[in-house]
């Protein structure tokens, strides 16, 4: 049930566009108003959420240390897993953000009975996660060719790399395949691994379905039910140059794709997808383990009621004297 | 993983709609051949059940003949002339008896056979080793026996070159275009990184023309249907002593060499 | 036979699909052996905590104040604005499940709510309901739920089934640390007086008397004097430590558990013998007589209140720097919190070993050094005369304590010390040591008697790894640098792998330490006869031992 | 500790990246490409038409070309009978470019606009005149 | 073929059935984890159970072979499992019920043969006898484990008070100082 409602929701979104565009010809609404509104929501929402995190202090210095600390000079420090300076933290964060270092830790050879060695299923989570995120990044960059006049060289390079296999015409993008496969895997593991199924919420399935639908509509447009991409680009260039115009002859499939992406953009800041920004702010990862070297300031540190030595001595003076422990007041 | 059937169906259905299965499914539905369009054979093209070539070695007299034939081929297919022998691209070329029919020579054999120069090309084998090894099916055998090379699919792995016992395949180590002096504008070139070879002039046969080499050989080379008992190829094979290259390898080549024998008197 | 159900029918009784009720609809069942008794009014009143009362977790009525929901929601709001970790960890979990099977309590109990992700979801679901728009609007669909009595009881039950060991945070792709959520959860529960007595009692004792056990100054002195007698019996050397002595160079602080219960006391004897041998100018304090900090398992404020005594005492006594004993959460606090709470300690000097002259730059600001760092430095500089053969009857493995592992990164120092005091050292398998170490199962104030089953379940993963090295290499001693480990693992090993004992590292040091002017040792610190290999003639013994030591020392450098 | 500065920079960088297309295109002419049909062969046509209808060709020419290529090369079928029943020799060089003898002004215009780099031309010759241009 | 050889042949299949029965006493998400996570350190409970039932099964076979007279060392395997189940949230009957489910597992395997299995039913009585014998042993182990837990609780209290008693001179000087620990020694047999 937790998976079914989000599924229906995505179907509903698709139907909404079909009805809106095909029947009611609300091109301007779905082509212009919604995308602009979604982009604004996305930008404002992400900034809002990040600022909200940013204005919450980090009162304590709580890195999770995963390697040897900086200590006596003859003991080798693990400078990335337990950084004591900014450089190490940066490398640690880069590994975390770009290689999913922590998930990778799951990848361990397992011992079975007997000499057989196999790998745990966990590496698949790492692999699928990594493929999904990298594919998504490549796909987003590739899409810039629809949003730039005189497409920048890096975008063209990414596009070239992505179609490097030169399969079919239009050339098959590696990331299209990886993206769909990875998202499908992430969905399947959510419904087949009992523990993961148990912890999953509707809010975990919705983005997966949305991404799958976005991916599928895109793939359909490129490889199967082709749209006239010159018209599409004419339209998208209108959007980014802030002179939106409806270009006739673009198929509904494109509007579905656009609307689903708009939904994703608008949904993004209010959901777990904000882990994109959050991963940078995680105090267990982005702090150096140098709290004995440099004092970490807690902005709301306040004085607390303590039991002072004087009070203590007051309580135990006679016993202390008897035991030969020096006291302040005789 | 035990999972009841209903759940399995649910997952399967969902992944079919959304997942990898989706595009495939949609691909079937959405393949956009315009309904009435079709493809067909060129009228008047030469057809055969099994294409074969017979080369009457004795009819090719000297270097000028060889040059004329190879030039015709180069011209027709924009085969580059690359001076560096390591980078050479050849569809048809020459060699001596010892190399062509390796192992069949002896010190006392007829001199005019032994000293003869032979034209070499792709043998369009019945059992082509190159086709078996190609990982992308870029090289394939047509039903009429012609072994073809699809440059669009070739990934340049060169397995076929290693597999071919006749050295019939060339790799484009460099961009060939600068080495094509006077290109034939009606025929493409190849790009760097792909393997190429003789195609039996398939594009000419389809148009009803003889292969370029056959045309330039002044009758020394004949191409035709091996399966046609009354065709020119079979007639030549029936009336001459012929050799094929390395028949013991089991590839069953389709290029035959008419060898002059004593008493044949052709060069006597 | 036909009456027997068919195999397929039987198989149907096994249901691998998740239950029809989700976790939100599965009410908490408070099971015996799995929780600690509720905090007593007396303890709470001692430190001025609100809503102090005696209550019983197994009873229906928890005697909550009428506006308890309001108090909690306000409490959450306040903490959301104070802790970025809390707010962030409420927001960004994607429920990927990487942490699910990393928790020793989940591994041991199989209770799905012991999966770190779900433990945190207990809090997140409430956060969503009251603090996020989707949660307010979509409710359960967005994973949100009302804060009702069931939820509250669930919180109490499961936040006191977390040892804040941070193993989950190692595997989380965003570094989400369930301990942070547990800590906030416990703070909130404290607003309603819902603590456990096993934590609250020591907190109250520590607040008034300076240490968790409530040892009064003369008791501390007496206790140590007993140890001194034992030391004299074993070594013939009279050790004379000082207490609350002004002008000493170093203040020594150790968890009070070491003063009191075996096998911690042997570790404590180890400190005493080592410092005596070095002639260290140091003092004990009866006021700051606790290194550990059960306040840390209660609330941040309480932890700070208890911790303040260390710097205050250092200042009063005019010492130059502070040396800390072997302890786990004590060092999490000292490493990551103390300076922030009660610093800057600018009245102290950067720790410098008076024996080797080594300056401990890594404690430049806190001015407090771990005794393992201190001892490792001594050994490296050849300042200790160690006879490893005295530990030859031991096959030792080392248990990394959660806090020194994942809140500090103290991995090599203890191993270096052990390898220089013992000839037989074996690591437990990969994935169970260093940053991936398993908790003893009793950390964060959960080592009570009434939750023994919980502790033994949580201790199983660690014990299982110890059992492996016991069976494979004959390991019979589990060394560690944590007072709670020494207490908890002794019990856990006794149940799971009785052949494996538990020791502090400095007990090993003291047993190997050849002291100036000592008599020939007949027993080790535990009073067990020393099983030395065939002794050389007695005259040569003194000379032979150091020679042996140097050779061993070199080999290990 | 807030790390406000770093977070602020992070937000600015994020906004900068996301809004990249908005400012990148400033001052660049936004002109959809107009492929030229001005070649002698096309000009001579009474009714200007391609092998298939224009709308189909705009969206699907690559797919058609691929079918052509496979048909000719792999199946040896070198004649295309269009949906209107006309017969064409299958050949990029000899059929398509016979009419569209202006690759730069026809093919390239859209391809450049869309940043598409078809690899046709690494083997197939563009019309000779253009080669020399 | 007699029952013994049949069961030796079907060892893996019977054990799989049996394991399923045992794991069905855990929450379903957990059962999957216990069954499929093979790393013995990441999943000690699952591994102890699957190894343990293997050992118990072999002991049953040995007992069948010896005509119910075997005295083989089943205790270790039983202990390993029961130690775990004694501290999990099971009543005594739930904790030990797994032994009896071996009967179901064996019958399941025989039933799967259909008519071919008829011959084995006669021998099942002997199997049941062996299983019952082990079940009785299991009760002993279970009780010992529970007793051990209470001893541990008591022991902790004793350790905490030992020094205090010592100080108060309430401990007789003649008592060996390590008295408490030496007393523990007999119990070590439990492991």
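In order of appearance the chains are A, B, C, D and E, and numbering begins at 1 in each one.
The rule is short, and it goes like this: contacts are C-beta pairs under 8 Å (C-beta built on N, C-alpha and C of every residue); 3 or more make two chains touch, one makes a residue touch a chain.
For clarity, every value in this text was computed on a predicted model and none was experimentally measured.
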Query raised in the report: Going by the stated contact rule, which chains contact subunit A and subunit E alike?
Result: C
Query raised in the report: Using the mean of all protein Cα atoms as the middle point, what chain has its own Cα mean nearest that point?
Result: A
Query raised in the report: Hey, which pair has more contacts between C-betas, B-D or A-D?
Result: A-D
Query raised in the report: In whole angstrom, how far does the Cα centroid of subunit B sit from the Cα centroid of subunit E?
Result: 73
Requested in this report: State, to the nearest whole Å, the distance from the C-alpha centre of subunit A to the C-alpha centre of subunit B.
Outcome: 53
**Report entry** subunit B and subunit C, separation of their C-alpha mean positions in angstrom
**Finding:** 77
Report task. Please set out, as single numbers or ranges, the residues of subunit E touching at least two other chains. Result -> 28-33, 37, 39-40, 42
Report task. Mark out which residues of subunit B touch at least two other chains, giving numbers and ranges. Result -> 1, 3, 7, 32, 152
Query raised in the report: Touching two or more other chains, which residues of subunit A qualify?
Result: 53, 57-59, 61, 108, 166, 193-195, 197-198, 226, 281, 296-298
Report summary line: Residue set of subunit D touching subunit A in the complex reads 1-4, 7-8, 10-11, 14-15, 18-22, 24-25, 28-30, 32-33, 55, 58-60, 62-63, 65-66, 110, 113-119
Query raised in the report: Taking the complex as given, what residues does subunit B use to touch subunit D?
Result: 32-43, 45, 140, 142, 144, 148, 150-152, 183, 185-192, 202-203, 206
Query raised in the report: Hey, which residues of subunit A end up touching subunit C in the complex?
Result: 2, 5, 49, 52-53, 56-72, 74-76, 78, 81-82, 84, 96, 100, 102-103, 105-106, 108, 122, 125, 129, 193-204, 270-272, 274-275, 278-279, 281-285, 289, 291-298, 300-301, 304-309, 312-313, 315-316, 319-320, 322-327
Report summary line: subunit A contacts subunit E in the complex at 108, 110-113, 118, 120-121, 193-195, 197-198
Report summary line: subunit C residues touching subunit A in their complex are 16-18, 22-23, 48, 80-85, 87-88, 91-98, 100-101, 112, 115, 117-118, 121, 132-134, 141-143, 166, 169-177, 180, 207-210, 216-218, 221-222, 243-246, 286-287, 300-301, 304-305, 308-309, 312-313, 316, 334-337, 339-341, 343-344, 358, 361-366, 368, 373, 376-377, 380, 405-413, 416, 430-431, 434-436
